[in-house]
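Alright, structures below, take your time with them.
First chain A sits with chain B, and in the next complex the same chain sits with chain C.
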Partner chain A sequence: MLTTTGQLIVSGVLIGSIYALMSVGLTLIFGVLRIVNFAHGEFLMMAMYGAWLGTRYLGLNAYTAAIAVVPAMFLFGTIVHRLIISPSLDKPHLVVVFATMGLSILMQNVALMIMSADLWDVPPMLGGRSFTFGPFYAKPELLIGFAVSLMVTFILRWIIKTTYLGKAIRATVQDGEAAMLMGIPVPRIFLITFASGSALVGLAACTMMPLFSVFPTVGLNFVLIAFVIVVLGGMGSIEGALLGGICIGIAQSLSSYFIAPAYGQMFFFSLFLLVLIFRPSGLLGQKGTANLGINP
Partner chain B sequence: MARDTDRLDPPMPRVERSWLPLLPERGKISAFEIALLALCVALIAAELPQSLRDVMLLTYLWGGLALAWNIAGGYAGLISFGHAAFFGIGAYTSTILGVNYEITPWIGIWVGAAISGVFGALLTLICARLRGPFFILSTLAASEVVRIGALNWATLTGGPEGLAIRPVPSVLNMVFASKTTYAILMLGYLVAIYLITKVIERSRYGFYLGAIRDDEDAASSAGINPLFIRVSAMCLSALLTSVGGSLFAQYFLYLDPTHVISPELSFQFALLPALGGLGTAIGPVLGAFAITPLSELLRSYLGDAAAGLHLAIYGAVVIVVMLYFPGGMAAALERLRPRRRAEPA
Partner chain C sequence: MRNWSRRGIITFAAAVLALTAADTRAQEPIRIGVLLPLTGPFTKNGTEHWEAMQIARDMINERGGVNGRKVELLVADVPSPAAAISDTERLISTQKIKITTGSGLSPLAIAVSQASERAGVFHWETTGAAEIITRRGFKYTFQVGGASRLYAQAAVNFTLEDLAKRLGKSPTDLRIALLWENRAFGKSVGDGVRDYVKTKNIKLIYDEGYDQFATDMTPIVQKLKDVKPDVLIAISFPNDAILFQRKAKELDFYVGALVGVSAGYSNPDLENSIGSVVYGIFDSDFLPKVNPKVLKPEVAQAFDEYNRRYEAKMKRPPAGHASVSFSALWALFNEVFPKAKTFEPDELRQIALSLDLPEGSLANGSGIKFTNNDWAPDLKDAGQNLRAAIGVWQWQKVNGRTEHNPVFPKSLATNEPTLVPLPAWDKR
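The block that comes next holds the complex of A and B.
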């Protein structure tokens, strides 16, 4: 019993860290641009197709495919920012909501047209063996995901806390106009943030590809989890996303074992609502984020 | 970066008050609207082929649903991506009452509407502090809770297999043999919500809605209770959406959680008014009248040959409209208005 619970927690932490990796781009974009990218799930879907194509046609594996997928997603993020995000930043908030919603519909259906509705996955690496430590075991793909997720969190934290770019980003978050007057190219900061957020989704997709199948509407399932994690962790908080992801992972794995998988999902949406109601700033977020002069 | 709060709906030009304006105006019935209604009635009377009748009555239903969403989303600024929950509650309540307890849908519809109204009000009440994307996400999560609930509470809802209504035509069962009757019902739904919207536009309450949407602080310092306005607007919108859900169930005679409570459905409720023009009465109707027939016809004519093509075009249109014509089709209509600025001094 105790071993089972322990094993469930271990699996929960591992899968949760991968969810966190998937959400960190969303939280970064929200934290700086104060927008919610409703096409985030479709970015993930597209990058997963990229990783799949890399393994199928270029002889890479899902992880080495990241070398191509991550820069490609950075470029894609740049284009989306130029064409859609940037023109809608000075408009009422719902413009960007609906525009990214339209982008999500567009991407989903272009994927459907090109790739059909079939499920694709990559062959398991390492012969599908498990890695054991003590009484617990874990898939090596999960451990790699966990390591990548921790690494990304620490690197991002380091960039934001210490580098010039990070300082410029923080200044932009605190007061965009003052930052602009100090010579910070705010539009370029926005561009870099959005593109980096997209690149991070690309990295997440490469670590997820060995674990999940890809299909045109795969994004919808994951984006809802990502929203929960981002709100739970505190919108815009990088470490919060890691913590939120791990909480969701544990909650999901425990509730689907002890209750029922379907109710597990219901449990975390209810948790999401409770967090939104009682602590909209999340676990590690700034107080008052939920009321930050965002006009609907 | 202060985001300006300029209104999405076009500013009302000053035209002298006429008894029957040519183009739609806030709080008034115009010749344009009467002509549109006449066209709708003519289409019902016309001998259309069966497949087109389907498209026609779906268009009317969607027009009504878009208008219902618009009361909260357009006038009060409560953007909801969870209206499928209200739609589903309406559809399930009237169906369950009819199938299991033999209560006529004519009553069941209102029971469903009451439940949805209370649910919408409660949701808005507990999310009172949330704004912008936070409110949107909470509505999305709430509708997911309802969907997963419906999927798993199989003894009540039939779970993933869904529920079927026995296709025995009778007025009491609200099941009709002729599509004309359904078309009249759907058009009646559309017209009723249109009139409700017009009444709201004329009333003090309608101006309160706009006031809390545009500047909540200013509105509440002018003595408006924002909480009451938000809760009541969502309640009304949820209630009317629920009625549409019941009508949908009575027409399709079959429902399952994936079809009546999906997030895609919620997005559709929001996108039609957004394309047509938020916060106007004619906008959601124009949006539904343009998009629903187009996507239904494209779907049936293109078929599997180009699965997803019509939705891909739709997505692209949404992006272009939101970025370059944020007033939607209602604003385009507004441009037709003759400029009568030069008044004799």
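The block that comes next holds the complex of A and C.
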């Protein structure tokens, strides 16, 4: 029993760190900029296809494909921001919601047209077997995902907390007008933050490709989890996203085992509601962050 | 007098019209509305059905049609249930269609048959398997391909009659686990398995539903490891079947035999995703091919021709679901239409209900005997084909080539089951 529970926690932490990695981009876009990007899952889908194409046609593996996928996603984020996000920022909040929802449907259907509904995979490392640590099993891909997730969290946290860019981002979010008066190029900060969020989705996709199949609607399986993690961790908190992801991974794993797998989602949403009721700012969120958005 | 002559002229004109109409009607094509998903998430499935149906049409027309009348198929793309309803209605109202067929998968079949029934149109369903399709008291819907209960029964019968022996256990000692995704198809088949093993006095050691969008299979695999089943019956969709197989390998979960049911385990992508561990997995489904000896000679010959045409066009042999569409249409053209005079839905319905074809009459080994509101298991049940052939096939490697070979029931099988019990993960 102890071994089983241990395995469930190990698996929960590892898969949770993957969820966190996938949410870190959204933390920037939704948590910091307050842009509700409903196409986040489709960004992930597109980047996963990118990683898959890299392994299939360029002879890379999914991880080295990041060299191409991450900059490509940065560029894609820039384009989406220029064409869709930026024009709708000064309009009512719902405009950007509908615009990104439209983008999400468009991307799904374009993927269906080009890639068809087939599922694609990259071959697993070690032929799909895992390392054993005493009685516990862990796949190398999951361990790599965990390491990348920790690394990204610490680097991003350092950038946001200490660099000029990070300070500019925080200033922009806290008071856009004042930031502009202080000489911060607010529109450009928005653009860079959005594009960086997309690039991080690209990195997450390369880490996830060896674990999951890619197909046009794969994003739908993950997007809801990502939004929950960003809010649970505390809007805009980078280390909160990591903690939120791991909490959800463990909650899902334990509840599915001890209660029923069909209710795994129900439990993490219950956990989510409880946190919102008793700690509305999220696990590691600053009090009042919910009101810090750029748009009134 | 003037009135008289006018009436006379009108009568004469009407008579002439009626005669010419009757004359042209003899050569008029028989028009059938085909509703299939040709875009959207089920495109792949839909295009394979459409290919098989076109081959059936071409073959019957090249043989001179049905009593001299050619068959014409009017296809509409129905990516979703909502589209299925509106496009079925459109075909019926604008094209005056009296016969429909399709629909690739259950949710679409439920919608198409509903629209057809409302308009009093004869619907010949080739694939939709959910029990509900023929449990709504409809008059004109005929489910030729087999209801989900039959998938469950094939999986259980194969497990008890064949696998038990190979695993060296008596059927009552066999530890059987059941895992099902909790939407329409998985639940329907899962219910079928549970009900059916009860009639055999067998208790499942594990019986659980899960969400097919689950992203982590650890808890399920861990639970299965705890109960140590000999056989696992799993109803899954493609993505979750792949995730399950990978997690099972990762956590070193061993089971002596795995019997999948349709969808996830019949999907060709499974081999691309999980590689050589696919060999040995069983799938309870429409059989992609059957032992030709059980077929009537003319049917065997037609099926052979269909297989050759399909492979020439699509560059690979047809999957089970495509063959079931061919089989059903070929039966419609050769068993129902030749007996029809008016081709009105009421007449076609009477003919369909009177069919009593033994197994082996259809190209995929099925027979036809439809339920008719008057017998068990359900009085609301009409148009369900009790003799649809659902069997078990296995992923086998023969001379370095992957084959889907029927292994159960014995009468339809072409090959013996192999790799029972399954080798350990590192030997697969």
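Rule of thumb we're sticking to: the second predicted complex is superposed on the first by the 279 of 296 C-alpha atoms of A that agree within 3 Å, B and C clash if a C-alpha of one lies under 4 Å from a C-alpha of the other, contacts with A are read in each partner's own complex, and residues count from 1 in each chain.
Simple rule for what comes next: contacts are C-beta pairs under 8 Å (C-beta built on N, C-alpha and C of every residue); 3 or more make two chains touch, one makes a residue touch a chain.
Values in this document were obtained by computation on a predicted structure and should not be read as measured data.
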Side-by-side fit of chain B and chain C on chain A, or clash: clash
Chain B versus chain C as contact partner of A:166, first or second or both or neither: neither
Contacts of A:228 with chain B and chain C, given as first, second, both or neither: first
Touched partner set for A:98, first chain B, second chain C, both or neither: first
Touched partner set for A:265, first chain B, second chain C, both or neither: both
First, second, both or neither for A:15, with chain B first and chain C second: second
Touching partner for A:220 - first (chain B), second (chain C), both, neither: both
Partner touching more residues of chain A, whether chain B or chain C: B
First (chain B), second (chain C), both or neither touched by A:257: second
Touched partner set for A:87, first chain B, second chain C, both or neither: first
First, second, both or neither for A:123, with chain B first and chain C second: second
Doubly contacted chain A residues - partners chain C and chain B: 112, 116-117, 216, 220, 260, 262, 265
Complex contact set, residues of chain C against chain A: 39-44, 182, 208-211, 213-216, 218-220, 222-223, 226, 238-239, 242-243, 246, 249-252, 267, 269, 272-275, 277, 425-426
Residue ranges of chain A touching chain B (in the complex, touch as defined): 30, 34-36, 84, 87-95, 97-99, 101-113, 116-117, 176-177, 186, 216, 220, 224, 227-228, 231, 235, 260, 262-263, 265-266, 269-270, 272-273, 276-277, 280, 290-291, 293-296
List of chain B residues in touch with chain A within their complex: 1-6, 8, 77-79, 126-127, 129-138, 140-142, 144-145, 148-149, 151-152, 213, 263, 267, 270-271, 274, 278, 306-309, 311-312, 314-319, 322-323, 326
Sites on chain A touched by chain C in the complex: 4, 7-8, 11-12, 15, 19, 112, 116-121, 123-124, 128-130, 137, 139, 211-213, 215-218, 220-222, 225, 249, 252-254, 256-257, 260-262, 264-265
